[in-house]
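So, here come the structures, one by one.
In what comes next, chain A is part of two complexes: it sits with chain B in the first one and with chain C in the second one.
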Partner chain A sequence: MQNAKDTFYEMLRGRLAALNPGRTIVLRGVVRPGVLVEENELVSTVVLPDCFRVNWTQAAGDPDGDLATIALQCEIEYETAGTALNGGMDRGRALSAMDAELQATINTDTQTALKSNYKGLTTGLAVEPMATSIWWGQLVFGKVEIKDDRLARTGTVMVMSYEKTSEL
Partner chain B sequence: MVDHAGIIRIADAALRSNAGSSAQLRMPAPAASGDDTEQLGLATPQFQDIPLSPAAFRRNESTVKLLVSASAVEGITGTLAFDSADVLFDTAAGVVVNGVLYAITDRVASLLLGEPFCYCLTLRAPVR
Partner chain C sequence: MAPLLRRVRSYFAPVNRAEYHPTLFDPTQNGSFALGSPPPPWVDLGWIAGFTRHCGTKIDPVRSGAPAVTQLQTRTEIEATLSFAFESWGKLQMALSGGTQQMNLLKAASGAVAAGSGATAIAATPLLTGSTAVISQVGATAAAAFSTGELVAVDIDNTGQTGFVGSGVSGAYLKNALTDVDYIRRITLNVGRIASISEGALTLESPLIAGVPGALMKLSAAVGFCDREGSSFFQEWSALFVGQGQQGERVIWHYPRLQAMSGIAETIAQAAGGYEKARLSATFRALPVKDPVDGETVVCFRSYIAG
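On to the complex of A and B.
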C-alpha cells in the first residue's frame, strides 16, 4: 500500500512540475514543486496556499485472486487567496488555474504508472521498479469553500494497485 | 521620552521578574534539496532547540500561553535569516517547555510605537 502511495505522489509531483514549473513552495528552506503529502510533513497549524496537499483518506482491499487489489482514496486539497497586488480579486482565476493543472495531471490518457519501491533511498540505494502498476480513476472536484480571504477546493481520485504478497 | 529599545528593556525586565520560564523554540533543520526521503516520510529532519529568553509560561485549564520578549525573537530571526517573526513561528515545530513539546497555534505581537516589544504565543499541549 505504501509503495502505491509513494508512486502516486512521485507521479503527481513530476507531472505538476513539468506542467507548471513556476508552482513551487518553500518548505523548511528548500524550494520544491508545489505539492506535498500531509502525512509526510511536520504537523503544522499553517495551511500553505497555492499548493496541492495530498491526503490519503480511505482504503479498501480485495484479497481474492492471485494478486490482491487495493483501492485508496486520495483527496487533494488546495486553496488560494489570489495575488496580493490585485487585492485578491483574481482568486477565482487562480483557483481555476489550479483546477486546470490538477485535471491535466490526473485526467490524462495515461492513468497508470509503474509502481516503485522507494525504501532503498534511506540507505543510498536506487529506487526499485516493481512488477506491478498503479492506476487511477477520474478526478472529481468538490465544491468551492470560502475560507476567509481564500478559495479552497478538494479534488478526489481513487488510486488502485495490485499488491504483491511481500507488500501486504 | 522612552524609545523602542527602552520599551524592550522594560518588557525583558518584567518577563524576568514575573516567574521567568525556560523555553526553547524547536526548529527543524533545513530540508535537503532534491532529497525524496523526507518528502516520502522515509526520513525525519534533525531538530535544533533554540533558547527563548526571557519568557513567561502560563497554563490553566483551557489555555496555554507563552510570553516571549521581542528581543529574543528578533535575535533568532536575525541569526537564522528569517524574513519575519511570523515566518519563524510558522516554520518552528513547536516550543519546548519543561521537556514538553507544545504546538504553536497562534501568536500576537504586542506593539508600542509601532514596534513589537513582546509576543504572546498560544500553545497546544500534546495529546497523551
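On to the complex of A and C.
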C-alpha cells in the first residue's frame, strides 16, 4: 500500500512540476514542487497556501484476483488567497489555475504509473521498479470553501494497486 | 450448520481425450489440501464469481392402475450444468471459458502475411538436454533472442498429425493434416512466462503443464493469446471447486468432465475508481463417468469435509 501511495505522489509531483515549474513551496528550508503529503510531514496547524496537500483517507481491498487489489481514496486539498499585489481580488483566478493544473495532471489519457519501491532512498539505495502499475480514476472536484480570505477546494481521486504479500 | 461460503476457488486437471480418461479427485486422500497449493496434477485457477449449479436431471413417475397411481420413479435424463466467471485472466482460464482452440499468438516472422490468429511465426527454438518443467535450455545464442517477462509456448512440431494434439492437455483436434509447422505450438496449453535468463537457460515463472519437455519439443515466443468464436473444438477438463466454510468445513464439487456450452463472453463488474472489471464467464455442461466404486454413471461429485 505504501508503494502505491509513494508512486502516486511521485507521479503527481513530477507532472505538476513539469506543468508549472513556478509552483514551489519552501518546506523545512528546502524549495520543492508545490505538492506535499501531509502524513509525511511534521504535524502543523499552519496550512500552506498555493500548494497541493495530499491526504490518504480511505482504503478498501478486493482479494479475489490473482493479486489482491487495494483502492485508496486520495484527497488533494488546496487553497489560495490570490496575490497581495491584487489585494486578493484574483483569488478565484488563482484557484481556477490550481484546478486546471490538477485536472491536467490526473485526468490524462494515461492514468497508470509503474509502481516503485522508494524504501531504499532512506538508506541511500536506489528506487526499485516493481512488476505492476498503479492506476487511478477520474478526479472529482469538491465545492469551493471560503476560509477567511482564502478559497479552498478538495479534489478526490481513487488510486488502485495490486498488492503482493511481500509488500506488507 | 449450513456452510457459510464467501467465495469459491477453482482448479483444473487435464482429461486424456484420446483415452477418455479424466482426472479423478479423491476427497478422502486430498480433501483438506491447502487452497493455494492443490495436489498434482491439479492447477489452481483462482477465485471465481457467481458459481451456480443447475440440475437438469429429469425424474418421471411410472404409473399404473386405473386411476393411474405413481408406483415408482425413474430417472429419464441425467444432466448437470454450471456457470461462473473467473476472477483472473490466464491461459487456462481463457481456454476453458472460451471452450475451443485457444491460440498462442506466436511472434510473427518479418514480413509475414497478416492473419487474425497469428501470422507465420519466427522459427521455433529447439530445447537442449537438461531442460526441465521450469528451465528451458536453449543455449546462449538462442537465449539472447528472448526477454524476461516474455511468454513462451513449448511443444512439438506439426508434421501432419491428426487427432488430438497438444502436450499435457489436448488443445485441438485435427481432422485433416495441416502444413503449418508451428500449429501445435499455436494451440498448446503448455505455456509459461520467462522469469529470468541466465547462461542459455530460460527459467519460467511456473512449471509447464506437460512437465519435463520431450526431446522433440521446441519453444516459440508468444505475445499473447487469441480465441475465436465459431471454431469447432471443445475443450474438456476435469474441474474441482472448493468452498471453505467458517468452521473449518469444506464443500468440494468435482466434475470429472466439463465442456463449455456457451460462447466466448465476458461479464462486466463495477470496480473501484469508476473502472469496469471484465471477467471471463462461461457455462459448462458436465459429461459422465463411471464411478468405479459401484459402476454408476454420474456427472459430478459433491463432498462435504467436516472441519
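Definition applied: the second predicted complex is superposed on the first by the 167 of 168 C-alpha atoms of A that agree within 3 Å, B and C clash if a C-alpha of one lies under 4 Å from a C-alpha of the other, contacts with A are read in each partner's own complex, and residues count from 1 in each chain.
Keep this in mind: contacts are C-beta pairs under 8 Å (C-beta built on N, C-alpha and C of every residue); 3 or more make two chains touch, one makes a residue touch a chain.
On a predicted model such as this, the values are computed, not experimentally measured, just so you know.
Enquirer: Clash or fit: chain B against chain C, after overlaying the two structures on chain A?
Expert: Chain B and chain C fit side by side in the superposed model.
Enquirer: With both complexes superposed on chain A, which partner does A:M130 reach: first (chain B), second (chain C), both or neither?
Expert: neither
Enquirer: Does chain B (first) or chain C (second) touch A:R28, or do both, or does neither?
Expert: first
Enquirer: Tell me which partner A:N40 touches in the superposition: chain B (first), chain C (second), both or neither.
Expert: The answer is first: A:N40 touches chain B but not chain C.
Enquirer: Kindly classify A:V159 by the partners it touches after superposition: chain B alone (first), chain C alone (second), both, or neither?
Expert: second
Enquirer: Go through the superposed model and pick first if A:T69 touches only chain B, second if only chain C, both, or neither.
Expert: The answer is second: A:T69 touches chain C but not chain B.
Enquirer: On the A-aligned overlay, A:L121 touches which partner chain: chain B = first, chain C = second, or both, or neither?
Expert: A:L121 sits against chain B, while chain C stays out of touch.
Enquirer: Tell me the contact category for A:Y9 with respect to chain B and chain C: first, second, both or neither.
Expert: A:Y9 contacts chain B only, not chain C.
Enquirer: Using the superposition on chain A described above, determine whether A:A60 touches chain B (first), chain C (second), both, or neither.
Expert: second
Enquirer: Check whether chain B or chain C contacts more residues of chain A in the superposed model.
Expert: Larger number of chain A residues touched: B.
Enquirer: Roughly how many degrees, to the nearest 10, is the angle at chain A when you join its Cα centre to the Cα centres of chain B and chain C?
Expert: If I round to tens, I get 140 degrees.
Enquirer: How far apart, in Å, are the nearest Cα atoms of chain B and chain C after the overlay?
Expert: 24
Enquirer: Which residues of chain C touch chain A in the complex?
Expert: My answer: residues 7, 46-47, 49, 87-88, 90, 271-275.
Enquirer: Using the touch definition from the top, list the residues of chain A that touch chain B in their complex.
Expert: Listed in rising order, the residues of chain A that touch chain B are 6, 9-10, 13, 27-32, 36-37, 39-40, 42-46, 118-119, 121-122.
Enquirer: With touch defined as at the start, can you tell me which chain A residues reach chain C in the complex?
Expert: Residues in contact with chain C: 60, 62-66, 69, 71, 135-138, 157-160.
Enquirer: Which residues of chain B touch chain A once you look at their complex with the stated criterion?
Expert: 28-33, 36-43, 45, 90-91, 93, 103-106, 124
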